[in-house]
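Heads up, there are several structures right after this.
Both complexes shown next keep chain A, but they swap its partner, so chain B is in the first and chain C is in the second.
Coming up: the complex of A and B.
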């Protein structure tokens, strides 16, 4: 809380101080921007951060591309694709594409990339991005077949997301660490300088093919890692940065009021939720969360609308489903909606045998202010909170052991626009499943493996209805992010929290 | 003397080992390294695979022994996070931190010692009051706040200095002031107290009586004795600056060793953290040793003992 107050003070002082207009870098055709986190490796198969996704989309291309606005799939490095059978996808490749090092793109690159990443011992960081593929085969120079381990309807979504194609000759030689230091792709930007974790310089690929990403416009993108958001804002004021993102709501509001900057807000796929130990895995005894009435009471107790309006702001919305509403299969109309009703929550608790409430441990790993707001809502209906803020890895460990009665968690679905990336992650009896409901698991299995969209929709809806009726979770809200840039930069952010340099222009 | 040095050296190695063992165990307590490594998007299977791949499923003592065995042969392994050799990673970051540390302690000493002497020469005078105010303020100002105020004034308003980064010497001006200012109060107060005590001693009266100039009395006779505890303190402060300038490094986006250590802890990047802790503890040990040598040079009585 004090940190927020301090931030406001700093922004206030800076606001008063910076009457002068900052120098723009339009003249040098270089867009300076900042990352907050140190990116571990530019090789997208060996990082798991948002910054990595941003770099991946700029430097490499996937076989398929999903339009971030219409969500339609169009060809990228592939021009067309057909399912030969449930586990064989044949793709025709684009001809005449060259990698940044001059290597020609053809079927050999696809075959090499897929075979390399699909092999578990090669250690791709996020296995589920690639472990649905068994291997790839070359049909001819510009035709390949990707073989799946089993039916996987989200294959097209993954091919348009985390799976990007690497140059076979170069990668065989350079490997992940070489690729991280001197990345080579087909993408709209090529990397000209890498200081690991600190500084990345991208330059426009003049020979970029006419694909769905469009031609890059800005000549040079210079990315520095500046960990402190206040410093980033100071750099913005002094003119040494042109764009920052993931700016906290209170700061963004002040920056917007100054007029020198454009503040754009866009929702992200990240959803916050409370997970309750419905299956009784934790050592809590008696465990009130085994009772559906208690779980419903938790759902009724929290004023999510107020939290969205006052804390998250921007394009965040109240979420009622165990998935992000835009995801395929995320049936919002199937979900039971629990509007804020503390009286009803108290009544349900009394009915469940807790007229005076009870005390529970409550865990969180990020967004302390949101977690504290939730704790005070719960307190108001009689659920007394023993609040514990842990590092992510520590909470994850407890969670996998099933020792967490109640926690505030979030999930970003790796920007995959399919309900399987969220609801199926948590309700199929995995180590993070607090519900362990057989019926939900059975429905999700049908939905995850069917290739018929109508069947998938029907079964996701069934699962979502059951999860929300049983109130296994208390879904909270979606997250948003603020992009702040100089007024001579033109950019429209997309809802998947991926910065696309190709769509940035100077005004 | 040789026996004394060898004894000190043996002790130093024991200290370094103890520190590294404790930090190793604490890191395991702080969270599952496999889960941290796998990242937020990993599934349970991913985490299990990583646990086996990195050998986290083995007993902690075995893992520690293995690390130690490589470390004594100069191999600190590969950073789990960056997938780069820890030694090259640290070498690169350490140069920034060293530069910052040396500038910081020099600034602190240059400001604090003369101020301390002046304050002791005229106790309760206006100079003493100003020095007291500066030291109280230095102790009370959180460095992240002081740093931001400097940025607002010198980088945004006056535009004299760059906000952050490490590209030129100008980038180091503000970090040096913030880091040095934090170390200043203790050094100044200790100088002042030491001087006051020494100035009231008999040999100073003798020096004055034999007609030595005030300057000679102050610097040749008094300061030489009063500075001894300051040297020890400055050594500790220097060690602190090299390992603990996390806040300053973070605000000014200087990618130094302190910030690397801090981030590596959050990332459970065991090889990096272990190597850094070993290096930081070595710093403390080396600086303390140097301080003792310096003190022995300043005070002949210490040489004989």
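Coming up: the complex of A and C.
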């Protein structure tokens, strides 16, 4: 079958299947797009998904904004900020901003939002995003102070990311569930219709203030949950979708070769890695991973370059550090690099007393094909794999109990451009720490709490050097995302995996 | 028999022997022959997998991913192409036959033993035994197989052994129902009464009088359930809960090819077609065996 014939057949099927869905496009100023996962609650404090971040950035604003290209911090709902002392941040607020429901934005909203989310019993889903704040105080109508629990160098980064400001009067009345059904923010898009988990319609906020996000251009964004990638592609062919994202590399490559669509690829902060039970927490006995030579053998056994080039493709890169290279403090030159060398891996295994290899459970929760490829590489040097694919929540629970000898994990750092969001998350003797190295913990504690950038860099580098020397992890690669859209849409994706509707335009 | 030449006159008088009749029925039955030939072929392929497979089914080559099969412009190096990790598709299909046949045979054997024992006991003894067995059958029928299998596999984790056990312990209902009904029919026959009259023990009655006469029904159910188990394994593996990678399983191959279905449909079509042919062959053979062994077809 020729490509055109194939395409028209598929388009025909898709059209028949989606009869009744209005064809909307440039003419009606509506961009149709698909989410793969169901978004549990539009209220950004009560979901932990990537889709939620996308909605959050469209509907609400934070106090500060990080330019996705230059990584510079600029004022958003705040216009300027100063540190009064190590734990007090004073912000001047922008005047004349209105919420979608007409409520005026002022210091009361900031105080209310911060005090609400910082309280643990209010149940914000990702506590790490908010639990560094103690409370907020109003100085005058357009000046607030945010009080921190302790020194927290990444405060500005967090204020420009997950902390968005809610309208106090409305939120006090509606609460998280009301906010999830009828979201109200200050952002460039307002939500006009919500069918939870299924369908979201956003409309341009005509009265959006002139902030760093810029003015929205496309009138209406219509988002539907379509879980299957093949269905998404079929709908893209038939015209009922204008844009899809998170498209797997193979499909994206095929779509790009068709010429009718723009395929844009951007790196993400997500890093894939193998975690090994170096501390010997699992019930595996004898536990080979307690031996540094075995851990190094695992590092040598896997051809990460081949995986990046043939499986992940796009802007993915081989990663040698337990953090994403662009993150502040992620010292790539401090890391020990393990090249692909199966002979050396076998030799190390033999030296460690496993000339014929051993069998281990191997857990994974996503990207079964990548996990399979890794398993196959390990098999080739003699590490036989008992493959277990679990749901993320189940694997995380097992991991916390310390029952996982070897697992393929990924971490997206919540798009926070600071090494503390990854390396400190896993190596400070928390429940997910498989290494439990005191020296690493001590170095990270200095790095996390210092306000001097040079000191932070130095101590992250120390920790990274130690982690890679000891091969506690086998860092693998960074992920990328493919955005596929109709050629009459203009969009340049950014490296933080946040879709910005504001920067989308019709050609 | 010392004398191999049979007097044609004598043959005309006594007619063909039962063995000859059976052979004639077997070889004259088209469905049975097709099914048997295909199944024997698949079994041979499974047995001689290491000799037949052109490549190691586990050897991955990331630079040679998703090479098309020969009939879509590929090379003879990989006659049926390669999968998403560059493993030879033909070799994986050949090794996958082992997994499918093994699961089908063992699961059908386990459930056959359970179901037949329950069904024959219920049919022969009647009364309370029957009431208990009927109750158990109803309980079992009220549970959706796929759902229970999914739950068990989700708790215990997917592996070949778990899948075989789960299917073996779930698929006995049809055996029990059919065996119970057939036993009830047969136990009232004169020859059973006669055997009982000469003082045959219950085990002897069951083994030599009842079993041989309900065997034809059993064979049909065995083939049906074998096909059922193979399909269920494929379904579980497709959902990621059955046989775990890198073990080659046809259901897993369909699942792994699914993502590229729009662009490389052969990734799904090839294992799907093989699965279809195998299940069809088993069912044809079961049907045929029933036809040739059923007492009413003997004349």
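In the analysis below, the second predicted complex is superposed on the first by the 483 of 507 C-alpha atoms of A that agree within 3 Å, B and C clash if a C-alpha of one lies under 4 Å from a C-alpha of the other, contacts with A are read in each partner's own complex, and residues count from 1 in each chain.
We take it that a residue touches a chain if its C-beta (ideal position, glycine included) is under 8 Å from a C-beta of that chain, and two chains touch if they have at least 3 such contacts.
Because the structure is predicted, anything quoted here is derived from the model rather than measured.
Q: Could you classify chain B and chain C on chain A, in the superposed arrangement, as clash or fit?
A: Taken together on chain A, chain C would fit alongside chain B, as the superposition shows.
Q: Quick one: is A:317 in contact with chain B, with chain C, with both, or with neither? Answer first, second, both or neither.
A: After superposition on chain A, A:317 lies in contact with neither partner.
Q: A:375 contacts which: chain B (first), chain C (second), both, neither?
A: A:375 sits against chain C, while chain B stays out of touch.
Q: For A:230, decide between first (touching chain B), second (touching chain C), both and neither.
A: In the superposed model, A:230 contacts both chain B and chain C.
Q: Pick one for A:74: touches chain B only (first), chain C only (second), both, or neither.
A: Neither partner.
Q: Which partner does A:392 contact after superposing on A: first (chain B), second (chain C), both, neither?
A: In the superposition, A:392 touches chain B alone.
Q: In the overlay, answer first, second, both or neither for which of chain B and chain C A:256 touches.
A: Touch status of A:256: no partner.
Q: Check the residue A:248 against both partner chains and state whether it touches chain B (first), chain C (second), both, or neither.
A: Second partner only, chain C.
Q: Residues of chain A touched by chain B versus by chain C: which partner has the larger set?
A: Touching more of chain A: B.
Q: Is A:446 contacted by the first partner chain B, the second partner chain C, both or neither?
A: neither
Q: With the two structures placed on a shared chain A, what shortest C-alpha distance in Å links chain B and chain C?
A: Distance of closest C-alpha approach: 5 Å.
Q: Can you list the residues of chain A that touch chain B in one structure and chain C in the other?
A: Touching chain B and chain C on chain A: residues 6, 10, 230, 234.
Q: Help me check something: in the complex, which residues belonging to chain A touch chain C?
A: 6, 10, 229-230, 233-234, 248, 250-251, 254, 303, 306-307, 309-311, 368-369, 371-373, 375-376, 379, 385-389
Q: Quick check on the complex: what are the chain A residues that touch chain B?
A: Touch residues, chain A against chain B: 6, 10, 13-14, 17-18, 20, 38, 40-41, 46, 48-49, 120, 123, 125-128, 176-177, 180, 196-198, 224-228, 230-231, 234-235, 237-238, 240, 390-397, 400, 412, 414, 425, 430-432.
Q: What residues of chain C sit close enough to touch chain A in their complex?
A: Per the stated touch rule, the residues are 58, 60, 62-63, 65-66, 84-86, 157-159, 240, 244-246, 256, 258-263.
Q: So in the complex, which bits of chain B are touching chain A?
A: 30-33, 35-36, 38-47, 49, 53, 81-84, 89, 144-145, 148-149, 151-153, 155-157, 159, 162-165, 250-253, 255, 259, 263, 266, 268
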